[in-house]
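In the two complexes that follow, chain A is the common piece, with chain B as its partner first and chain C second.
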Partner chain A sequence: MTKPSLAVETLSICSGCEIAILDLHLALADVLDAIDLKYIQVLMDHREPPKEGVTVGFVSGGVRNEEHLERLKMLRERSQILVAFGACSAFGGVPGLANLHTKDEIMEEVYINTKSTVNPKKIIPHKIVPPMLEELHPVDDFVKVDYVLPGCPPPPKLIAELVTCLLEGREFHLEPKTVCDQCPLIKEEKAVTEFKRWGTDKVFTERCLLEQGYQCLGPSTQAGCEARCPTALSPCRGCFGPTENVEDQAAKMIGALGSIVIQDPSKAPAPEKIVKEVPDLVGTYLRFTFAHSTFKKAVHTPTVKTKPMEAKT
Partner chain B sequence: MSSKKKTLTIAPVSRVEGHGAITINIDEKGNVAKAHFSVMDVRGYEKFMQNRPVEEANRIATRMCGICPVSHHLTSSKAADALYAVDPPRTAKLLRELMHQNQMLHSHVLHFFYLAAPDLLIPDGDPSTRHVVTLLKQHPDLVKKVIRLRQIGQDGIKVTGGRSIHPVTSQAGGISKPLSEEERDEMLKWNQEAYNLFHELYPVVQPLLSQVEVLDELKTSYVGLVNNGNLEFYDGPVRIVNSDGKRLAEFPIKDYLKYIGEHVEDYSYLKFPFYLPHGWPKGIYRVGPLARINVADKISTPEANAELTTFRAQFGNTPDHTFLYHYARMIEILYAIERTNELLTDPAITSPDIMTTFHIKGGRGVGVLEAPRGLLIHDYTANPNGILTNINLIVSTVGNNPAMDLGVETMAKRLVKNGLINQKIENSIEMLVRSYDPCLSCAVHAVNGHMAMRIEVRNHLGEVTQVIQNFEE
Partner chain C sequence: MTKKNWEPKIVCFACRWCSYAGADMAGTSRIQYPANARVIRVNCSGRVDPQFILRALKLKADGVLIAGCHFGDCHYISGNYQTSRRVALLKEYLREIGLEPERLRLEWISAAEGHKFAETMKSFVNEIKLLGPNPLANGGPEK
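Here is the complex of A and B:
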């Protein structure tokens, strides 16, 4: 019997997903015994996945330029099963926040406006380098995805579970739970009347961070990380994305806040007060999923210069 | 031999990875006219971190790099400390540095043993099998030690940072999680194991570290942090020395804009930093392990300092050999292990006093750190509500971009004759770029003994006349 084969492709990445694979440490040797690794740039020299015989393709990173798009399509064509590996591939990840700006605004900031830049001729790189797309895209904007392995990056334990499922021909599913369900911090079902910025007040070490008035995305975030951030007394920022069948992580979170804030309607704070206490709604509720949310990008209205109307005589 | 001008494009992963390419222009006589190194991706953190709260930046900036996320996590925290004018308790600073020393161990082991060592241990091996997986089969005992050594670094980050990759505990004003006595004791055991593993591995590779003739010398200035003249990773003034070791400047990080500028070229998404008073391109400098060793007078821990003394006896005080980046990296691993022991045996390390709360305000704050690949700067400006309005980042790998660009040209001019390039020349150019451990290559080459490369020879009309590649399609 031939072993199933694996090909791994990387797009616009920070390399954290690839390090997460290496963080299987010695267990990686066992994985390499069980699976025929055909292509992974961090390990091998081949430039692209083999034309035939790829059982599973992993793709990490979002699609930021034209080359990324070509390579994504190539992997899809050649793989029986495609896994969106990590938050960027699945939801756009943190670099998806770039979609709040146009490509030209980004280029101008990086190459002209930044303080230490000395660029009197206002050169924007354009030779040799591949053209950028207008926005950063999660991979399912372009291709069908069979499985999503979320996380920034996915924990090595889940990577091993996914590989085991694929080897045994089983379906891979994350438990239908949220980060709160796995969190060891104690909830007292207390109403929150005020939200605080992280670091501006004392933190009680065994109590739910959200109930202490700190933004924590546990209620709107898919479980699978074993609540690794709240366990280290840092709030969840949502890197596993929304739970299954939820389209928009922010909508889910705002819904969850409703029940946390309004327990006694007579004492509930005004919505305007809450909005003021959360100064960055997109970066707080959609930090990893903006490019995959209801909005996906900011709408940029072109500035239209109008002439003052002349009075009719 | 054609008498026409042509261009050789060595695209190490440019079409594979989208990150790097080398272009060599050949003149009518078949000599190298110029050569460039290009970086192929830009994500725009300086723009999209705008409008985010200052205290959240350290959990966004980590995503610039999954190899050394601790660097961005901590540099961002330090910039936020400065902006909010908050001084973290001593224990918080110790814990942050402890997290960072563990990262140095992980990152340097990854680079040297997984990436560079295959070139050095099997120099004439078949490129398609010259990588760590082959080494694992050929030398399982040796490679298992390497894997364990890197694991100790990653596990240390997990204990202090909450997670190995993209840690979360550091925050403006301190750190969120204290170190328990049990955790401290466990980490002390790991660190003793790391020390033993290092001394088992070092004698194997030490004889390979002096082959300076493999790569060209490059005379540049050097930039790095020092602490009372000692090698420093976490905090201190920035020192700049020229290639003779003469001190050009020493300044607190808040003044960096007087000393460092960034030039832009049209052929790379990466900018080109330089020492501002000398102008571009005269002000080219280097960062990272060799630069740090070259700016330091000495090392504060005894064994690493003894290695430095041996190193200087052989190569002088400010050597310019690019190959010595590897040697410097090994000395730094030893320092990181010794320094980790100092931090863990400090009685304050398990104190629960780890956070100073602060009030939201506006202003400017600059943070600095020595990331594994060199000096890292985060410069933030915020409005009175603590919302970022301006961000300037000088990321470690960028510091060596001019040197990689110039190094590629120097090497191409020396090796490419009559417009011809071969496998050996490709290898030399790869090794030059790799010696700097550039982060753009981390993804691709972290564990790769050899880059996938495609060279297209073009005539003056831009038509491809010859293709050489080192992989199967």
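Here is the complex of A and C:
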């Protein structure tokens, strides 16, 4: 029996997800015994996935330019099962926040306005390089995705589980739970009197970060990571994306934030004060999922322009 | 629809205990107010999931009005306090993605305030008319 084959395609991404495959450590030896790694750019010198096709294709990274789109479609054609691997391919990831600006704004900022750039003729590259799409897309905007493994990067334990499931022909599912369900920190009474920005005050160990007033995205984030950030006493940033059937992670977080404040109105912080503690709302609540949220991109109109982010004190 | 006869479409979430009764009051008192709102009865203004509001705007509603009980009157004690916090954050969300935060409005209307319901409708419709159609609607903004 021939071994099942695997191809990993890298699109608009930092390549951290590929490194996460190597983080399997000893389990990697078993995985490499069981599967035939046909194509992975960070390890091998191949230009494209094999023409004869592969059993499983992992795609990491969002679709930012036309080359990405072409390579994504090629991988879809050549693989029987396609897995959106990592937050970027599943939801757009951090690069998805670029959708707050138009393509022209980004080009102008990068090639003309940045202080370290010397470009007197104001040339924006357009030859040889693949043309950029208007906005960044998660892969499911273009092709059918069979499995989604989110995370930034996906935890090695889940990668091993996914690979095992695929080898044994089982379905792979993430538990329909939130990060809070897996979080070991002690949750007592939801009665926040003050929201604080991370790093501005002391942190009590063993106590829920949200109850301490820090913006932890646990309640709006899909479980699977075993709450690795809150366990290390760092607020969850939401890299697993929204839970099943939720369209917008920020909506869920805003919903949760409204109800964890103390009931006594005389002790509760004013709504304006809460807003002040979230200086970059889209970048905080939709850090990994803006390209997959309700609006997917900023609403650009000639009259209303997204204001540049102002630092609030 | 042409520029001339464009009428704003407003989605209004009215709390069952106060504002919906307030809207009833406006009706039974025969107070005239613009018919631009599609009123949706909810059990409490705190029942309005932020997702409902975002989806209404995404589906090209020109404005969203949330009407609930006055502070202290909430049938569920703290529902309207929760809404006030959510709406403040949602307005910031809308501002950051480039939609006018004025398209979302929160008003406290009690069951006895039929007059206030009508006045709110009038002023909100006027405000939306000044803002123009939802920029996501076909053809983009026309002003």
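FYI, the second predicted complex is superposed on the first by the 288 of 313 C-alpha atoms of A that agree within 3 Å, B and C clash if a C-alpha of one lies under 4 Å from a C-alpha of the other, contacts with A are read in each partner's own complex, and residues count from 1 in each chain.
Criterion: contacts are C-beta pairs under 8 Å (C-beta built on N, C-alpha and C of every residue); 3 or more make two chains touch, one makes a residue touch a chain.
Predicted, not measured: the structure shown is a model, and the values here were computed from it.
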Open item on the list: Going by the contact rule set out at the top, does A:32 touch chain B (first), chain C (second), both, or neither?
Closed with: first
Open item on the list: Is A:198 touching anything from chain B or chain C once the two structures are fitted on A? First, second, both or neither.
Closed with: first
- [ ] Using the superposition on chain A described above, determine whether A:16 touches chain B (first), chain C (second), both, or neither.
- [x] first
Open item on the list: Contact-wise, after the overlay, does A:186 reach chain B, chain C, both or neither (first, second, both, neither)?
Closed with: neither
- [ ] May I ask you to decide whether A:106 touches chain B, chain C, both, or neither, giving the answer as first, second, both or neither?
- [x] first
- [ ] Mind telling me which of the two, chain B or chain C, contacts the most residues of chain A?
- [x] B
TODO: Give one of first, second, both or neither to describe whether A:250 is in contact with chain B, with chain C, with both, or with none.
DONE: second
- [ ] List the residues of chain A that touch chain B in one complex and chain C in the other.
- [x] 100, 280
Task: Contacting residues of chain A [partner chain B, same complex] - done: 10-20, 22-23, 25-26, 28-29, 32, 41-48, 64-65, 67-68, 71, 93-95, 97-98, 100-101, 105-107, 109-111, 114-119, 123-130, 132, 136, 152-153, 197-203, 228-229, 231-234, 237, 239, 279-280, 283-284, 287
TODO: Write out the stretch or stretches of chain B touching chain A in their complex.
DONE: 9, 13-18, 21, 23, 36, 38-44, 46-48, 51-53, 55-56, 59-60, 63-67, 69, 84, 110, 127-128, 131-133, 136, 144, 147-148, 150-151, 154, 161-166, 168-169, 171-173, 176-177, 256-257, 260-269, 271, 273, 276, 280, 355, 357-360, 379, 385-387, 390-394, 439, 442-448, 450-452, 454, 469-473
Task: chain C-facing residues of chain A, complex - done: 100, 246-248, 250-252, 254-255, 257-259, 261, 263, 265, 268, 271-272, 274-275, 278, 280-282, 285, 294-295, 297-307
Task: Complex contact set, residues of chain C against chain A - done: 46, 49-51, 53-55, 58, 71, 77-78, 81-93, 95-100, 135-136, 140-141, 143
